[in-house]
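Look for chain A in each of the two complexes below; its partner is chain B in the first and chain C in the second.
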Partner chain A sequence: MSATFTFTIDGKEIKASPGQTIMEAAEAAGVYIPRLCYSKDLRPHGSCRVCTCMVNGRPQAACTQPAAAGMVVDNNTDEIQAIRRDLVDMLFVDGNHFCPFCEKSGNCELQAMAYRLGITAPRFPYLWPERSVDASHPEVFIDRNRCILCGRCVNASKDIDGKNVFQFVGRGEHKRVAVNAEALAADTDLKGADRASMVCPVGAIVLKYKGYATPIGRRIYDQKPIGSEIESRRK
Partner chain B sequence: MAKPKVATASLAGCFGCHMSVLDIDERILKLVELVEFNKSPINDIKKFTDRCAVGLIEGGCCNEENVRVLQDFRKNCDVLISVGECAIMGGIPALRNNIPLKECLDEAYLNGPTVYNPAKRIPGDQEIPLLLNRVYPCHEVVKMDYHLPGCPPPADTIWEALVALLTGKPLKLSYELIKYD
Partner chain C sequence: MVTTADKSAGTRKITIEPVTRVEGHGKVTLLLDDKNKVRQARLHIVEFRGFERFIQGRPYWEVPVMVQRLCGICPVSHHLAAAKAMDWIVGGEKLTPTAEKLRRLMHYGQMFQSHALHFFHLVSPDLLFGFDADPAVRNVIGVAAKFPDLAVQGVMMRKFGQEIIKATAGKKIHGTGAIPGGVNKNLSTQERDFFLKDMEQMLVWARSALKIAKDYTAAHLAELKDFGSFESNHLSLVRADGAMDLYHGVLRAVDSQGKKVLNDVDYQGYFQHIAEEVRDWSYMKFPFMKAIGPEAGWYRVGPLARVNTCDFIDTPEADAALKEFKALTGGKPNNITMAYHWARMIETLHSAEKINALLHDKDLQGTDLVVKGPRREEGVGLIEAPRGTLFHHYRVNKQDQVVMANLIVSTTSNNEPMNRAVQKVAQDYISGKPEITEGLLNRIEVAIRAYDPCLSCATHALGRMPLDVEIVDCEGSVVDRRQRD
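Presenting the complex of A and B:
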């Protein structure tokens, strides 16, 4: 039987059904849990940890943790927001993120998350890593300077496109997104219309010839914070 | 009571952030009522003549002169503010940060496709400040008290920040005023 049950997020009662994650139940109730690697149509990856909540007093990723009856979840507390801020700060110094000229600026989920958290400058020293770009593909441009290793392209290519174009290679600080068989993107069967070409939350995988199409002021996160579309559903 | 003093500097920047200061339009008349400008390219005062309440820094540090100017500002200003992406993260000049300095100079003065330099000389006059190994954001050189992001920060952001600081109110920027581009 799929009987619904309830748990609480920040003291508010949330309805959930068996099999739902904390993230899914929260979203249905109009409660926004900040996230970066999670995308609704993909398997949750649990890699960015930005959706970390205190679940019965322990830190858990809301996108992978199943909801359970009577669970007590803290989402929007000072402690959790400070953890999220640190995570986003680290993502900014761990890559080479040049917002002023990036074609994803204004539509970038990493940037929008930093706006939402009120970050004016990261508190860690910049690392300036050496990362590669791959402009070989006629429709898709890959810039690993901007990659946050969320895994969306890997899962989208495998599960939705059925192509397996992207994989992770390397470990730790050497981890990066590679295309199939050490090749260039142009040597794969990747297409601009593939889900994998469109799911990137940042500007690491972008479609060519579409940059700067929307004027400043009308881009997704120019006026309203990321997550406000979910919060507006809240009753 | 004497007016509080404001100083500004452009380090490795493009003067776009200074343009944004001027972009406060007619509020600049109010600003002149509120403050007196000390060392700044706006009035061309070259040296600090008095202690300043606020220092606005545009651009990061790409050479030794930038570092000296920034340290001078830290010594002479109560509150020091990074204005714009270059001051905060290096910006466009920091694109050279993962290329060795020698490679950058060779490309600019010897190997670039449009270079004409028959003497094969890379500028090295003592008058020219030495380049740093990479471009540093201001807060990695001295302590910065506030950061106003943007390329450039909107005039409203600069205005709100200055007015809040000079009238002793807490600096709270609304969502629209924190932008990185």
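Presenting the complex of A and C:
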């Protein structure tokens, strides 16, 4: 293994090896940097900006920024948490997120992030978009009203499943996840067992017939806040 | 809130408009002529029906959780009725014993807490202090001051029921316990033991509440007999053998004399027997039995209807209470509006007995939770909600999306009966009176409240229905105004 170096996050010394991002080095050291689009086994997409940290005094996305020797990173400060709250708040009003009856509730990273950041009610006006629902696939249900454009399904399909089922289309507020068929997921070679079908952090892509099967109290984020599994590794 | 006068006919209109929250919204209008005689009395309920459109396109397994948003007071009833409809969709209508018993436990818990809340918090002020008592005392705070034990009982019974809901559905309101074809959890022995330690106390309190309701009815029978009362049909589910069954059964209706007018039919075909009439003055529909027609085919639902339709109750104490209840009318259906309270407390005791029996049933710790069979595209789920029969009917396409939803809620079935009750009270107590006192207006509410309609949601929170009444003469000017909030 090549030579390691150190940098600091919130004053704590973190070991890193060349090529590691700030996110990866932090995670290895048991330091949680909030994130939504990033998923460990996928190429970082760098789109949600929830992982924003102050790196040597400038805002950077921790999931894409390589760590460097002597870097000074601020992660858990009031200022940065406020930025993250704004970003997550905007994601909530940008889609139609009905947590009280969404089947992803309790297992949803967006919802869990809101709880972790102390968001109890949205501060921005709802946009109430009308986006399409694709129920055509026998195993997978797609509801774009809940999509946060994290790109996980796009990357998972391309890099892990080798299929290219999902792509982004449109720009700006019209950006959507599309499938590589004329219109519907049923016409693609997507399978329920594909990574792309399972990586969605929210309820936009879910496996059919599984909703609500886990009782309240035993869902992923019912007991512990998101990120605590990383923080528990901290020595 | 608003009072209008129909000048041409020399009449005036009194509007009683409770300010309510989102669950429902109701007002009463009384049209008086120049001799203060009631010409017309109507209860208007603004009902939210947008839901049936909202749900279109949603995956069917989402429905039992989503429908709970319809009501903050009895979400469990909607949860279970929708789940029962979805059981049909997934071919899982023959639940495993664990699943059916867990759902029943949830349902009896809901019935117990809803009935206790209604009786102790909402109705007891009228019964304990009288309809004409000072409204400053005639409320739940007044009950707490004068009868502290009763107020505590109400709170503790409600809490017990809510904890049962939490243990079976995951949350006190808007849980997820029932899923198509079954449930997502069983009842652990720790959960069971938590309830068993309070069970005896709940039975004691349920018995004493029943006694209060029964004794009150007996003591005031002369006045209550006609108070908002009228002959009607009664409809509910009953078990195939005629026993009261709040969770499942066949549809039965009897007329005011006890003749079966809907003879134990399978509710999957309810639409062959029940239709809904639209009237131009109300947003809410008026359901009726097709065989009889809209004129006379309307019916009552809820506790009174259920004790009238069933032949017996399969728990001993409630069955003994039922026999006493039926003896009052010589075995014929009881058509006294105020007897709803007595009937409701019989059901509360029945629910407590059922909960007790279920807690001693090992099936609740079973692990076989879900069954599925051949997929269907249409399903109907009925349940006896605290307020009466609740109908959920869905069609689902091959892609698992809901394409049609029709709901008939209990308050809709009781629409015509509540209107009749309001008319009766208005005719008997308000017609020809020179002044409309608070006590007289309260009588209208007392009659409506007997049905525990969902429009009383605000009252559940506040302990009474806020009112704003104006009385306007035939020239259109305000001659009197009464406000209460």
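Going forward, the second predicted complex is superposed on the first by the 232 of 235 C-alpha atoms of A that agree within 3 Å, B and C clash if a C-alpha of one lies under 4 Å from a C-alpha of the other, contacts with A are read in each partner's own complex, and residues count from 1 in each chain.
Rule of thumb we're sticking to: contacts are C-beta pairs under 8 Å (C-beta built on N, C-alpha and C of every residue); 3 or more make two chains touch, one makes a residue touch a chain.
All figures in this text were calculated on a predicted structure; none of them were measured in a lab.
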Touched partner set for A:216, first chain B, second chain C, both or neither: both
Dominant toucher of chain A (residue count), chain B or chain C: B
Touched partner set for A:100, first chain B, second chain C, both or neither: both
Touching partner for A:118 - first (chain B), second (chain C), both, neither: first
Chain B versus chain C as contact partner of A:133, first or second or both or neither: second
Chain B versus chain C as contact partner of A:141, first or second or both or neither: second
Contacts of A:225 with chain B and chain C, given as first, second, both or neither: first
Residues of chain A at both interfaces, chain B in one complex, chain C in the other: 98, 100-101, 216
Touch list for chain A against partner chain B, complex: 92, 96-102, 105-106, 111, 114-115, 118-122, 125-126, 128-130, 216, 222-225
List of chain B residues in touch with chain A within their complex: 82, 85, 88-92, 94-95, 97-98, 134, 137, 139-140, 144, 146-149, 151, 173, 175-176, 178-181
Chain C partner contacts - residues on chain A that touch it in the complex: 98, 100-101, 103, 133, 135-136, 141, 208-209, 211-218
Touch list for chain C against partner chain A, complex: 57, 59, 61-62, 64-66, 68-69, 169-171, 174-177, 179, 184-185, 399-401
